[in-house]
Amino acid sequence: MDVTYNDSATTNACKLCTPLGASLVFKGVRGSVPLMHGSQGCATYIRRYLISHFREPVDIASSNFSEDTAIFGGGDNLKQAITNVTRQYKPELVGISTTCLSETIGDDVGLILKEFKAEQSGGCLPEIVHVSTPSYRGTHMDGFHDAVAALLHALASSRGGNNGCINILPGMVSPADMRHIREIVEDFDTGCLMLPDYSETLDGMLWATYQKIPDGGIGIDEIREMGGARATIDMSRVCSEKRSGAQVLKARCNIPAHRTGLPLGVKACDRFFSTLSALTRRDVPKKYTRQRGRLLDAFVDGHKYISGKRAVVYAEEDLVVGLAAFLCEIGIIPVVCASGGTSGHLREVLEQTLPGNLKEEIRIIEEADFQDIEEAAMEASPDLFIGNSKGYSITRKLGIPLIRVGFPIHDRFGGQRSLHVGYRGTQQLFDNIVNAVLEARQTTSDVGYSYM
Amino acid sequence: MDVTYNDSATTNACKLCTPLGASLVFKGVRGSVPLMHGSQGCATYIRRYLISHFREPVDIASSNFSEDTAIFGGGDNLKQAITNVTRQYKPELVGISTTCLSETIGDDVGLILKEFKAEQSGGCLPEIVHVSTPSYRGTHMDGFHDAVAALLHALASSRGGNNGCINILPGMVSPADMRHIREIVEDFDTGCLMLPDYSETLDGMLWATYQKIPDGGIGIDEIREMGGARATIDMSRVCSEKRSGAQVLKARCNIPAHRTGLPLGVKACDRFFSTLSALTRRDVPKKYTRQRGRLLDAFVDGHKYISGKRAVVYAEEDLVVGLAAFLCEIGIIPVVCASGGTSGHLREVLEQTLPGNLKEEIRIIEEADFQDIEEAAMEASPDLFIGNSKGYSITRKLGIPLIRVGFPIHDRFGGQRSLHVGYRGTQQLFDNIVNAVLEARQTTSDVGYSYM
Amino acid sequence: MTDLKILKERESQVHRNDLKAFHMGCDTKSAAGSVSQRACVFCGSRVVLYPVADALHLVHGPIGCAAYTWDIRGALSSGPQLHRLSFSTDLREEQVVFGGEKKLHQCLTDLIDRHAPSAAFVYATCIVGIIGDDVDAVCRTVTREKGIPVIPVHSEGFKGTKKDGYAAACKALFQLVGTGETKDISPVSINILGEFNIGGEAWMIEEYYQKMGVEVVSVLTGDSRVEKIKRSHGAALNVVQCSGAMLQLAEMMEEAYGIPYIRVSYFGLEDTAQALYDVAAHFSDHPEVTEATRALVKAEIGAVHPDLQAFKKVLKGKKAAIYVGGAFKAFSLIKALRYLGMTTVLVGSQTGNSQDYDLLKKMCDKDTIIVDDSNPLELSTYIMEKEADLFIGGVKERPIAFKMGIGFCDHNHERKTPLAGFKGMHNFATEVYTTVRSPVWQFAPRFGGH
Amino acid sequence: MTDLKILKERESQVHRNDLKAFHMGCDTKSAAGSVSQRACVFCGSRVVLYPVADALHLVHGPIGCAAYTWDIRGALSSGPQLHRLSFSTDLREEQVVFGGEKKLHQCLTDLIDRHAPSAAFVYATCIVGIIGDDVDAVCRTVTREKGIPVIPVHSEGFKGTKKDGYAAACKALFQLVGTGETKDISPVSINILGEFNIGGEAWMIEEYYQKMGVEVVSVLTGDSRVEKIKRSHGAALNVVQCSGAMLQLAEMMEEAYGIPYIRVSYFGLEDTAQALYDVAAHFSDHPEVTEATRALVKAEIGAVHPDLQAFKKVLKGKKAAIYVGGAFKAFSLIKALRYLGMTTVLVGSQTGNSQDYDLLKKMCDKDTIIVDDSNPLELSTYIMEKEADLFIGGVKERPIAFKMGIGFCDHNHERKTPLAGFKGMHNFATEVYTTVRSPVWQFAPRFGGH
């Protein structure tokens, strides 16, 4: 029997479902509560998964479908859910994502919300934004990008007049990344409107009293302001252009869009910094030229430890692109570049980005699961893995180090604080890679040098 | 036969010799070249040792004693050396440290320099500062502190009038630490005069043309200005007060001195920040209260992984004090606190700092070598070591992790960039400790969870 | 009281213990829009079946359900590790439109060929019912084709609560029970039900029974194998661990095979001893069992008692909050904490029933807060009001405790430490001691840290 | 030429190779104030004796000399690891004033009791001579008391150059030579001198000799044992590796025991083959040795040749700078680089003598810079002027190369990779290839990176 790829089972998925990405985006808006329209389990599982990475409360409400709901439609449940969330959390925004269940039974969420607003016309309602995220269509990254686009679609308005700010669509980076990106943009003396921004909401402080909705996030007014910005920098290169938030801003508010890719690795950072420099007509601040200088110095100091090493890279597609390009800069061959992502653009973007002479040595796997990655790794005799925690069992079998980046980090501490972007993030990653190689060499050596 | 401690051999020293510390200080002055008065080997060995940690060129000149010199005195060699260094390097300052050899033969360096200056009265000489550093008296830390005091003694002048700056005597911290300390002080809108400052000279960028003396360091004019500062913050608590640079500034220029200890751990950082706050009459900037908040959040998130663990700590004495106090904050018992240092104050300062209820569980070893540390560790059944690379062979035997801090880091990469101070440095250290424990648990487990 | 606005729908599910009777409004579905800590039907089934280590567990649906349950539990296996892999039919839009049976059949075939499992469980998730796949039919076909039991688990998330998921799992297991060989089984024999071998707990308990002279035919489902489950009807007694998870299987086995069952808990010294004595009592015609049990209990308690007394000195008077999945676990926790000198100021469960709550009411002090199917806002409010020193719950409760500067103990399936039995009590006490005594709380805002 | 101001004292030590004769001003002490890359007498002794793995190495002096030489070299031992510990009398002011003999005696006694070494070397450092300790007397006393050879090494740092340290070490070793049993030693036997088993090089070379049918009596001092050194006078031939380090011992053994010696190098295919053939030639009355040597060389070269050709394609035309301790090593490096298609644009050594430099002159192309006892300013100037792609040196040279964006290869004692023999050449070529071809240079300022 002829089995096409899509006919086979997924073993140890290298992706998550769409509503997770959308919820993460809603967690990055000030005063927002994510609400999933579907069964209770979806919200609970996703909360658990996010909590284990971020180690922060992650309240996601659910419309809690029952069997009746599935038969008679989820309208009443959704309305009740919005009402209850509003009463308990007093949110400024309720971010609704659908689940496969509500999508499959055919709930028309737009219509339900229209009815609801009409019914509640007397009261003071929060903003309600909804994004369609059936988990049988795409991955968490699609949910993420679609939620960004939905927010901009609902809120961004052309306000005639340039507010001088720069819009940043960072994609699914860490809270530490978001803080660093903001620091960089602001060091160009320019306002930064970043969507989403969960740098505080998912990496916050201890509380004296319980915060129903943690402080932080981009405000609704700020999302509106994105329609009056100087430009949009979209850090995704694989996201379909027509689906992207940058496109919404361009089409609606005429904001020029720049797709820089993730600023990871020297060249990608240079691209980002020179974009900022051009947009703001300011020189790159000395702080960053020094960081860059130290990074290059480290590249040289460390190159002999890692030159010619072979790495398996897996993550969200944009992170794979960033990592693979960076690895090629430092002389590590990304022999396997894999992602569970389904954008369809990974191969194309990688081929544009990576040096042509390595083409034959690099295996690109789109829509990968960890079984694919394991099989490819067994053939590729890699020296190390770079990716999230989920590859651990494979590296354990192979006896090689795993350098943990991205999401989720479930078997180490501080994933929310790990920095990937900028010269500083690249420096950390570089140091981690060199040290992983040194540690492996030291540990497996009979001699155990204390001097390497 | 009755063997007193000092009669026995030192096995695997946990200290270095005095001129190393002095040279490091001279590397932290702009336009300065360190010059060792003694045999060639001293400079070469010390250069090699420093290069292996900092991975930067470390030019240290030597007066290159020969047998004749040792017999007839080193005056001519020293003069010749200063002349040659001046001709080749065009330094602003030549920082002379003696070695055991020149000290033992009784060279009167002060007198030699006086003669030299008289002979050269026509020419344009660099500043020449000298510090007596016989390696049979004290350790590298004594050389370090004495060189700071010697520089201040030679250069700092009361200039009548407060320049508003704050003097920082950071002690032997990393370049990254120095950058961070400067960032903090400057974020209080206050000038920072830091002695020494090798943040750029020993952690620099690639060069287009060879730099005889790398850029960076505190300028001679700035050292002079230290005599007109608002206050001195001395981060050493073990250094004999009467020997310290802070005392020179107090005695000579009437600058108030504050001994904060190293800002490592929440309480020590709080002390440092509130000192700055009081001196500048400014609130602690929000950036730092947030760093502090996230750090405490991490303390709570991570406490269960590490509570009750037992650590062996060894380093320079002030670093031992900082680390031990920090460990007690997070519930790790520093069962062995050891240093090769000979200040005589380690026990006293630790006893002031550490919680009384742990007294019986903590073994303090002054003037330790690694044989002492190993023996103490074997008895203390520790879970981890925290210290420089030199403890690796012991942790390898014990099969427990070594968290590398301080100097030297010879078996890992990026020691010059490792941050120990501030809330941010404490955060990194905390994350490293938790992750070392998690890694050990994961690796040694039969199950190999990818979820911890 | 606090300024918390309890949702109207939830007013009957939050109570303060006092002399007045109250009726807990439990066993209901969660209010729409509540951030319930509950999971779904699928979760209930997955929890029960997960530890069957030589079975293939195929989740039929879009990727989420499988992705979120991949290797997250501490249920150990002494042999095969097949249960730790995550298999999904990973349904795409095409299958949602045209049906997923063909893909299910293909996936099952491929996976059985590749992994050679002893049986396969096929979990039907939310949309499978909606798109109308006949999962039973596909399972029957593959059973026939591959010669191993391929068992559907009807665990559509929305079709009830986690408890319904337990029931679906029990039904699935019951299809295996009775199909194996039972000769050579001792008359002094039991099955252990509702024990999932978290951190090796089942191994500890099996060892107790071995020492007592009682044969353990099957553990359901800790470190379980399909072959053992098949012959579990040969046991003389079913010993059902606290949670309601597997009571239904015991009832089905009683009805079908006449095997009596008793309910026990292995948590805490008292309950563990009671459990072993109860089993011994069942075999009272074998007095040597009771004798061995006495010796065992004495030795085991003797081994942990001194440490526990030392912990007690420090823990005396500390206050605990408990929010767990099943109410039965809460009973044991209250007792165990009391043994350590601690009081329980809040207790609740996701899935307790009326009898459970009546019993809780009796066990608890006056003013203890008792809640059913609670949420973060309620839980955070009450732990602060009650000044709890410790929160016992699962991963979703952890950040609530931590944000407020309160110690935490994981008593859920993700933990890696065995907490059952006598040694487990020692582990539990150590963990409680460790978290409560940590110096980090000095920095918590509630203790004046800032 | 460049604007570098060569120190007047150093003008005779820096040359551009051309047709005119030049006389290298070498074998002098370093100019005061020059940042020489040289070490001292102690360093020379320590390098030679360090690999004797079952001896105690006690450094008599203040702490520095011992601290900086603790476990920093890749000299491997197949057995005891005593050489990797760092022992010091750690002299303090008290001993400097009142003398250190008593402490030395005490330390030796303690350490011998604790570690039971086969012999002890006592390194006298700078101030020991000055304070007047009679180290020889203490050593004699302890020899008598403990019954093992306790040998003074007169390595006061200022009393000459590194070469004088080699001499002191040779004298120390010579005290052991001749005190062991020599029966059972084959007439076809050698000692390997000047090979320190960095990364296991001595083991590779010993294996070659074994395959040739030549008995290796003793390696001096790689993976060495005191017992073996004692019987090394039983060998028929001393084979002295390139560096001048141990030539003096060979000369002393020739004089005392009539053992002839030959000088060889194991670096590069050509030199290694030559070394083995030279040894075989010495035993020409055993033609099977020559035969075995031919087979060995053929097989070994065959194994590495294809890779080397592949490297050569990429490396052809690249330019190298060499600055190493001994000049003999430089000869081999030039040849090896030439074999890889590379040219040498700068070459120098810390300790070469006139003959060495005359030979270098002959080997090098026109305009190659030749330096003796150079310093960072000179080296950096010339590597930039000559646009070197690779710098071969030690740890102190590394940052000079790296700062200027030039590849680097460590050919000193701290490396961990064996570079000797045929496989070593493969390692060397791999390392050169790896560093020269790294993509990081694209960012170097000299290639327009900024």
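When the chains are written out, they are named A, B, C and D in that same order, and each has its own residue count from 1.
Here, contacts are C-beta pairs under 8 Å (C-beta built on N, C-alpha and C of every residue); 3 or more make two chains touch, one makes a residue touch a chain.
What you see is a predicted model, and the numbers here were worked out from it, not measured in a lab.
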Query = Between B-D and A-D, which chain pair is linked by more C-beta pairs in contact?
reply = B-D
Note = By Cα centroid distance, the chain farthest from chain D is C
Chain B and chain D: spacing of chain centres that average the CA atoms, whole Å = 33
Task = Using mean C-alpha positions as chain centres, tell me how far chain C is from chain D in Å, no decimals.
result = 67
Inquiry  = Based only on mean CA positions, could you tell me how far chain A sits from chain B in angstrom?
reply    = 40
Query = Measuring from the mean C-alpha position of chain A to the mean C-alpha position of chain D, what distance in angstrom results?
reply = 54
Ask   = In chain A, which residues are in touch with two or more of the other chains?
value = 52, 55, 204, 206, 296-297, 300-301, 390, 393, 449-452
Note = By the touch definition above, chain C meets two or more other chains at residues 71, 402-403, 405, 443-444, 449
Task = For this assembly, give the contact graph shape among line, ring, star, complete and other.
result = other
Ask   = Along chain A, where are the residues that touch chain C in the complex?
value = 1, 3, 6-13, 15-17, 19-20, 35, 38-49, 51-52, 55-67, 69-70, 77-78, 80-85, 87-89, 99-101, 104-105, 134-137, 139, 204, 206-212, 390, 393
Key: chain A contact footprint on chain D (complex, rising order)   = 71-72, 74, 76, 402-403, 405, 408, 414, 416, 431, 434-435, 437-444, 449
Remark   = Listed in rising order, the residues of chain A that touch chain B in the complex are 52, 55, 203-206, 290, 292-294, 296-298, 300-302, 305, 389-390, 392-393, 396, 410-414, 417, 427, 431, 434-435, 438-439, 442, 448-452
Touch list for chain B against partner chain C, complex = 266, 296-297, 299-301, 303-304, 307-308, 328-331, 355, 447, 449-452
Key: chain A-facing residues of chain C, complex   = 5, 7, 9, 29-43, 58, 61-71, 84-96, 102-103, 106-107, 110-111, 126-127, 129-131, 157-160, 376-377, 380-381, 384, 395-396, 398-400, 402-405, 443-446, 449
